[in-house]
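What follows are several structures.
In what follows, subunit A forms one complex with subunit B and a second complex with subunit C.
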Partner chain A sequence: MKLAALAWRDVRRQFRSGLLLVMMLGAPLLLTGLIYFAFSSPSGTPEIATVTVAVADLDVPPAGAPLAAGRMLVAGLSRPELAPLLHIVTADSADAARAMVTRGDAGAALVIPADFSAAMLDEVPSATASLFTDPARPLGAGVARDVVQRALDTFSGSALAARLTAVHVTGPAASALAGRAAANFAMSATRAMRNRAVDVAMPQGDSPSFVTRMAAQVMGAMMIFFVFFTGAYGASSFLREQEEGTLARLYTTPTTTTTVLAGKFLGTAVTLLVQVAVLLSVSSLVFGIRWGRPLPVVLASAAMVLAAAGFGVLLVAFVRNSRQTGPMFGVVLTATGMIGGLMTSTFTSLPAGFELASRFTPQGWAMAAWRACLDGRGVASMALPLAVTLAIGATCLAVGVPIMRRRFSQGAVS
Partner chain B sequence: MRNAVVVTGLSKHFGETVAVDAVDLEVREGELFSLLGPNGAGKTTLMSMLAGLLRPDAGRATIAGHPAGSAAARAALGVVPQDVALYPDLSARENLIFWGRMYGLGGNALRRRCDDLLAIVGLAERQRDRVDTFSGGMKRRLNIAAALLHAPDVVMLDEPTVGIDPQSRRAILDYVRTLSRSGTTVLYTTHYMEEAQELSHRIGILDKGRLIALGTHEELVRIVGERDVIDLELASPAGATEPHEAFDGLPGVRVEVPSRGDDHVRLLADDSTTALPSLFARAAARNVPVRSVVITEPNLESVFLQLTGRALRD
Partner chain C sequence: MKLLAIAGKDLLQVVRDRRSLIFLLLMPVAFTLFFGLAIPSTGATTHDARMQLGVVDSDGSVLSRRLQLGLADAGAVRPETLDRLQARYIDDLVRRGGYAGVLRIPPGWGAALEAGTPEAVTLVADGNTQDGLAAVQAVDAAVQRFLAAQRVAATVAGTLAVGGGAIQGGAPDVAGVLDAWRSPPLALAVETARAGAVGASSTNEGPYDQASPGMIVQFAVYGLILSAMVLVIERKNRALARLATTPTSRAVILGGHTLAMVALVLVQVLVLEAFGQLALGVHYLASPLATGLVSVALALWAASLGMLLGAFARTEEQVVAWSLIAMFVLAGLGGAWFPLEVTGAAFRTVGHVMPTAWAMDAYRAVLLRGAGVAQTWRPLLILLAFAALFQGVAVWRLARRPD
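Up next, the complex of A and B:
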């Protein structure tokens, strides 16, 4: 009963703090809402600004080739139906295209290699069209990547069909037949691309919109960021109670240090679970975010809560008084949050080192677990981030609790 | 009568500073015992050791027969800390419910106890209000109530009247007296000698960590042989003679020399009640008109001054 009383007292105190409520619930929802509504029309239909794509078409079709795949790809991307999404400008070289992105004149640069047509006709093993995007404009980069990728998929399908035709037709007419087949598929590919491109702009059926997917990434990141703040704040209640004199008073009652520590941890964990439940529910209702299957979501929540509470205990173990908590939490949690990728959750083309660095923070692993949930994956495929997040939480507690016990035990708080 | 609190050779050092120095003390069951001493005398350190918040460097103490700091001792003890130790963002009632649960209470018994105590400390009508909306006096009263929830055998109050208005102070002193009358052992620390004098069955005077005197108020006063002080204000100077000469030779009365001016005389009497008639007769006979008389009985201030050479509030 004492354990429950201690936990309930902390939960009640935390939910009575207006400032903490803003941090726990208001800030993550507001930040996500700003992103969501900034890219949505008042009617709820996503409005995405036109992205300028600088195209360097370096394709040189083989002599006698029935199609110029690079030129067709550019023509397909320049169709009027895609005009609301893409504005295609041509560049003389790959460097010139990239320079336009660097200068901010374009949101993405598409470089079609010289052997693009040859690859489509299977005359070379493969060719890679590269898309160079601006990390500072993740939304535009995402749109450009989606449209170009689908166009390339269509071209690949056309080339495969052409190759199959060539394989099945033998004799002197084979080459000419293959050429016609490729041309026909390329023409149909343009139509297919147009239809698919519309899917990007106005998603139909069960597929979440681009803006909702982006809001989910932002919400996940902000939830993790502020859950870690709440965890640290919960642990810092030891310092506040010590300064208020209530911790010493607690130890004049027949209550053990273990009960006090456990009660406080339980109170923080309950607060965090309520915070997560509210954020998941409200973001689902307001932004239409689908967080994934129930069991993975529950496990990701539990792992994150343990990690946040444990990390908070570890931080507070090294803080001298409550005045130091603000700067300490601000610096450490912002830094680890940034390294963990919480501020760049929607960026699609970050350096590989950044992804690696995120794995050194509990927030990074928690984000990986939530990404798996958002991708609709099952427990088995998210076992690693779950296990690591839990292990980090347990390790933080294993280090922090003995220090807290020494600092805040009966006989040490007077 | 058994002892509720027994302290034997209790000592505590903080570095080079001796906070409590080999204190021996016994407080009887039902007794209201005051520890009197200036700030820094070691009162709070001694209380903290009795409450189990500090480990003594030497000596031992028991509360209701249990070693200080043990679960049984803490269950038998109610501690009112010097500073208000309540949750400011919880209501008065929520605070009492919480502290009651920490003493193992619950259910209807706890709710009834809260009702009773809120009524006793005059906060029944404000019980739903958050503590941070209370005045200092109200917080002090609630601070006391939180220590009484489990009806402890021994209550320790550490300077509970510091920094509050006279009305709240009076109310707190009345609670303490009521508590004592109910049979609860009360250990009360203060640096106000009037409080110790007014409340206590016995008083211990603590200075620089040492218990320098112990006894009833009368016993303490007798220790230093202090007398009543009689201050006379004269209507006009006593003529050619020094004013104090008019009262020389009265039995049981000593004139303090030098006097405090031509129109004022201070006398020290073994017993002011018996000295006053002869004193007025002498004044009339010597034609020394008396405008006012102030009698001050010997007090703990003078005892402390006598024992330490310093005033209690130095």
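Up next, the complex of A and C:
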């Protein structure tokens, strides 16, 4: 009964702290909300901003040329169907176009060389257009490069068709046939846009949308980070109560050290379970995250709570007073969280050492268990991360509790 | 003189607490290093950052093998031929096996292409993932080149068949056109306006070009906990009220506190910039004047935010909680964690309501394009306007309720 009363007192105290509520619930939901907001789009896939491309068309078609290839290229890039990707503005010179990029007014500058039409007409072997891109907007630059490259491929295809035709024909008809080949290729290229080159098939199984998947990864990581923070904060109540003198007053009643330790641990565990339950429920409702099957989710939550509470006890065992808790928690939890992969949960191609390093932290194993849950795996296939997370929690308690017992026993406090 | 004394007292109070160093300098340095190491940069790392693409080649023709070579040469994916056993678990490989996708080339694909009746290849990929989307783009680009080559071959054959001149030899096949396409008549050269190396062919950002300024902006906000705390403690223990009974004007008192905050943030920003320049190779000196002005504007704005927090918070706990929320919201929305370019339109718009977004715009312009003051005056003015607004509200609040 006394144990429950002690636990309840701590739970109430923790849920009355505005700062702790921010850290327990506000911060992880806020961070996930920011990511969700950042990457959500009507299509459910990443949205690409329209990039402004400044075009300097310096093309000078040879005298009597049947076409002005530079002008055709600009017209092609200005087609309405490309408007969501590119916004074409014209510039008088290459310098003016480049200046727009260096000023930040355009994401890329395309300079069409003077011999562009000449290369199309096989009067020079080749011509090279240049694309000058803004490194501060790499995505836009990539889009501009891909679209311009595809347009140039169409022009190159026409030119190649003409050249390959011309090498097989001699006599006065060669030029006309080459021209016809170029025109035919251009027409076939327009028709070919409607053809499907690749059938994309989704792999079997549930596939949350891009943004929901991202939100799930961030929410999982932030939940672990702030659960470990709450675990440490809960354990630090020993320090605060010792400094405020309430622990000494508590020992004037017939209460053993074991009861105090167990009561405080129980209070922290209950707080953590409530925190996890709220975060899982709210994130599921607000962001549509499907956390996985019930039993694996319950086991992952229980293992994480034990590890967080145990890690908190171990940390506090080595902290001298409550003034040290801020820097100690900040440094240790941030460092282990980083190494555990909590700050890089959405990164897709981390260097190999990061994955290995994450296995040296409790947060890394907890993250592995939650990833398995999100993948819809069963208990059997997540046995290892669950077991290791539990083992780390138990080890932390085994080391931390005797120290805490010595520091906060009736004799030491009174 | 009194102004300097108040500022000096505040600074002494902050610096005497060695914990300040952790939040002002050590944590931003640690975060910068970590994110710099974690962000893949193809130009700067030795590990193969290409995505794995499984290939089930049921065709085995010359063209299907060339398609795989073309995919490898393009650089986005690393094609790997799957064995029979792996080919039975394609869905698992894509879902959990680390493959961005699996490409299935059907039997007779090469022959059909040569015959002018191309068949589609199949790509098993999850379009809801970044890797899946990238795999679709890479495969589509490679296959399109083959289809274009086939159309060239067909066009030449068709044109020659119509005749009209003396025909010599047969029309080229698809492989012949692909060979000819290695030296295209119209090529594209890509240059990047990089600071310190204008004209470099690489379009990659350095790994620290986002992390370093991002963490400077984030921890300039976080560092306010310390300075806002001084103000709150003075209000709580009535030191501010007692100071007001001396022949010291309110303007001098508030000016002293503001000056301390500006100095604190400015020193923090300058130390972190020096670390970025010297240790990480970030081009803060690409335009020293512009970098200096961005630093001052950032310090003025951050100090005004510190005054605002200090003016409204009643307890130390409130200062910590509000500073954390301010840090998350301002850093996240303002593009300190990831460039706003990668986010949706609504986020970009809301992001630019935050002063942090303008600070990041100015930093990235200087670091990546080598922009000078002429190109960064707009974000600088906006930062200063935010500073004036926040400072005005803080002064108004402290004038109305000094305790």
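Throughout what follows, the second predicted complex is superposed on the first by the 247 of 414 C-alpha atoms of A that agree within 3 Å, B and C clash if a C-alpha of one lies under 4 Å from a C-alpha of the other, contacts with A are read in each partner's own complex, and residues count from 1 in each chain.
Everything below uses one rule, namely that a contact is a pair of C-beta atoms (placed from the backbone, for glycine too) under 8 Å apart; a residue touches a chain by one contact, two chains touch by 3 or more.
Here the structure is a predicted model, which is why all the values come from computation and not from measurement.
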| item | value |
| --- | --- |
| Touching partner for A:Met343 - first (subunit B), second (subunit C), both, neither | second |
| Partner chain(s) touched by A:Ala394 [first = subunit B, second = subunit C, both, neither] | neither |
| Subunit B versus subunit C as contact partner of A:Gly245, first or second or both or neither | first |
| Partner chain in contact with A:Ala5 - subunit B first, subunit C second, else both or neither | first |
| First (subunit B), second (subunit C), both or neither touched by A:Ser17 | both |
| Per-residue touch tally on subunit A - higher for subunit B or for subunit C | C |
| Common interface residues of subunit A - those touching subunit B in one complex and subunit C in the other | 17 |
| Subunit C - residues contacting subunit A, complex | 19, 22-23, 26-27, 30-31, 34-35, 37-40, 45, 47, 49, 51, 90-92, 94-96, 118, 120-131, 133, 136-137, 139-141, 143-145, 147-148, 151-152, 154-156, 158-160, 162, 164-172, 177, 180-181, 183-194, 203-205, 209, 317-318, 320-321, 324-325, 328-329, 332-333, 338-339, 341-348, 350, 361, 364-365, 368-371, 375 |
| Touching residues (chain side subunit B, partner subunit A) in the complex | 48, 51-55, 69, 71-72, 74-75, 77, 79, 81, 83-90, 94, 98-99, 101-104, 106, 146 |
| Contact set on subunit A toward subunit B in their complex | 1-2, 5, 9, 12-13, 16-17, 244-246, 248-256, 410-411, 413-414 |
| Sites on subunit A touched by subunit C in the complex | 17-19, 22-23, 26-27, 30-31, 34-35, 37-41, 44-47, 49, 98, 101-104, 116, 119-120, 122, 125-142, 145-146, 148-150, 152-157, 159-161, 163-165, 167-174, 176-177, 180-181, 184-185, 188-189, 192, 195-205, 207-210, 213, 326-327, 330-331, 334-335, 338, 343-344, 347-352, 354, 375 |
